[in-house]
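Look at the two complexes coming up: chain A is in both, with chain B in one and chain C in the other.
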Partner chain A sequence: MKESLLEILCCPLDKHDLELEDAEYEENEVVSGTLICTECGERYPIEDGIPNLLPPDMREGTPA
Partner chain B sequence: MNEGRDDVRATYDRIATHFAATREHPWPEVETFVADADPAGAGLDLGCGNCRHAELLAERADRVLAVDLSRGLLETGRDRAGERGFGIDPIQADASALPIASRAVNLATYVATLHHLPSRAARIGSLDELARALAPGGRALVSVWATTHDKFANERGDEAGEEGFDTTVDWTLPDGTVVGRFYHIYAPAEFEADLAESSLAVEEVWTAKGNCYAVVTPEQKRP
Partner chain C sequence: MKGQEWYQADDVAEEYDDKRFSRGGRLIDRREKRALLEAVGPVEGREILEIACGTGRFTTMLARRGADVVGLDISAAMLRQGREKARRAGVADHLEFLRGDAGRLPFPDDHFDTVVAMRFFHLADDPEGFLREMRRVASDRIVFDTFNRFSARSIYNWALPMGSRLYSKSEVAVLLAKADLTLVDVADDFLVPYGLYRAIPNALAAPIRAADEAVGALPTADHFASVSYWTARVR
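Moving on to the complex of A and B:
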């Protein structure tokens, strides 16, 4: 995930901005980390470079 | 409500590699829509699958948001982008709860995806989300399977295909395993009604080759 994507992404629930935490980088891309909603605090994982921004109730059963 | 979508996701995760390999070429309708579009800042392929339409958008847009419910399909899309040398930003998300900032998107395709959402409320909610994500002046092409498709000649209750219906469409894997996918098959008039109910403005709507299409923009009267 390119870090510049943060300017376009938002929380799927309340549409507020996201902050990036615990980011690990490879060749200028974020390969893992957590996106956290600045309003509701919901946490969304970045898995192998792809942000998983499914609402939490749809995240159950997501293959690790 | 989420059970239906979880099933669709699980199915696409399971069939992703085979499905992507059989979806090599973009649709001519999408090629025309993108070819006619002005250069765009941000493109969005909603329900991107293997990114065959994101590939077209990448010729017009500075960056392309490739959104899908299925992580398996997103990985096939990322592979295609790498092999063919176009850029995408893959994002796993639900089309009814888009994690995309309001007015961030200039050009979008939402092709053969809306019909997988399990209820009318979810489908209209998803069209509202597309309207929210589109910037003023932004445009999108939406398509769904229609009752007029030859495939449903025996399923539709009336010959004219005036009633939409829910159904399961099987996918057969190379090993013979059959996997079902939920679809809501749209009657053309119903497609127009759902668009009218949403916050999208319709520029053009038509039915061709068993699909309903619409070119849409965000409604200008929105606050």
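Moving on to the complex of A and C:
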């Protein structure tokens, strides 16, 4: 993802802003890091450059 | 394997476009893209979100035509294919992909001009909730398709890897009203179900399609149409 995507992304649970932590970059792209909700503190990983904004109950290892 | 697991498996994602949209499937691909473009209207400079974008067939096309596009899907494997496709098409600067839940979108209210969901509602367990959420993040237009009840499609539903939800026109009208959306247009297509097109070579698909279109032009044929493309406006 490009860092500018952060301007429109918000927490899927409470719609508050997200902050980017531990970002690693490759050619203007954020390839890994964590997006953290400034309100509830929920953490959303960036995996292979694709942010995973699935709510915690829908992530891998959680029964669908 | 359950539908959701099947859809998210790496090997399924890698072969998805080849299996579904080669051979007779190419006709479907072309027809769907045309239907979407007609429903969406001018895309240049528009902010568009596609729900359940899969391997990015539509997102790439929309970005190529000058839209700023975000594609959301549940499957990381599908999105990896989408990103590759966007890079090859040279539109990666206007196209972002992310994983998310269609029922709880990670975007603020009214952010996108247009929100699109193709081949999504037949798999939706909560169509009302999904449509309401699409409307929440849209400021102008919503475009989606449904597979119809009383269509040729019912015949082969059992063959789908996951149960398929069919809609009547009046059901969709109620859904739109409940989500505070105004219907702008609805277009119907494909009397012969997708599964048949996929199974036959392109050379055969074209004549069947021609017969399909001839019958589709008859006034009573709408009731048997397999797919409807819906355009709605935010009230």
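Basically, the second predicted complex is superposed on the first by the 61 of 64 C-alpha atoms of A that agree within 3 Å, B and C clash if a C-alpha of one lies under 4 Å from a C-alpha of the other, contacts with A are read in each partner's own complex, and residues count from 1 in each chain.
Convention: contacts are C-beta pairs under 8 Å (C-beta built on N, C-alpha and C of every residue); 3 or more make two chains touch, one makes a residue touch a chain.
In this text, all values refer to a predicted model and were calculated from it rather than measured experimentally.
Legend: residue contacts after superposition of the two complexes on their common chain; A:Lys2 is shown touching both chain B and chain C. Between chain B and chain C, it is B that contacts the larger number of residues in chain A. When the two complexes are overlaid on their common chain A, residue A:Asn52 makes contact with chain B and with chain C alike.
When both complexes are overlaid on chain A, the residue A:Pro12 reaches chain B and chain C alike. Of the two partner chains placed by the overlay, neither chain B nor chain C lies in contact with A:Val31. Contacts of chain A with chain B, set against its contacts with chain C after fitting on chain A, overlap at residues 1-2, 5, 8-13, 15, 47, 49-55, 58.
By the touch criterion stated above, chain A contacts chain B in their complex at residues 1-2, 5, 7-13, 15, 18, 44, 47, 49-55, 57-58, 60-63.
Remark: chain A residues 1-2, 5, 8-13, 15, 47-55, 58, 64 touch chain C in the complex. Within the complex formed with chain A, the chain C residues making contact are 2, 4-5, 70, 74, 76, 79-80, 83, 93, 96-101, 104-109, 111. Those residues of chain B lying in contact with chain A across their complex are 2, 5-6, 9-10, 13, 42, 65, 69, 71, 74-75, 78, 89-94, 97-102, 104, 132.
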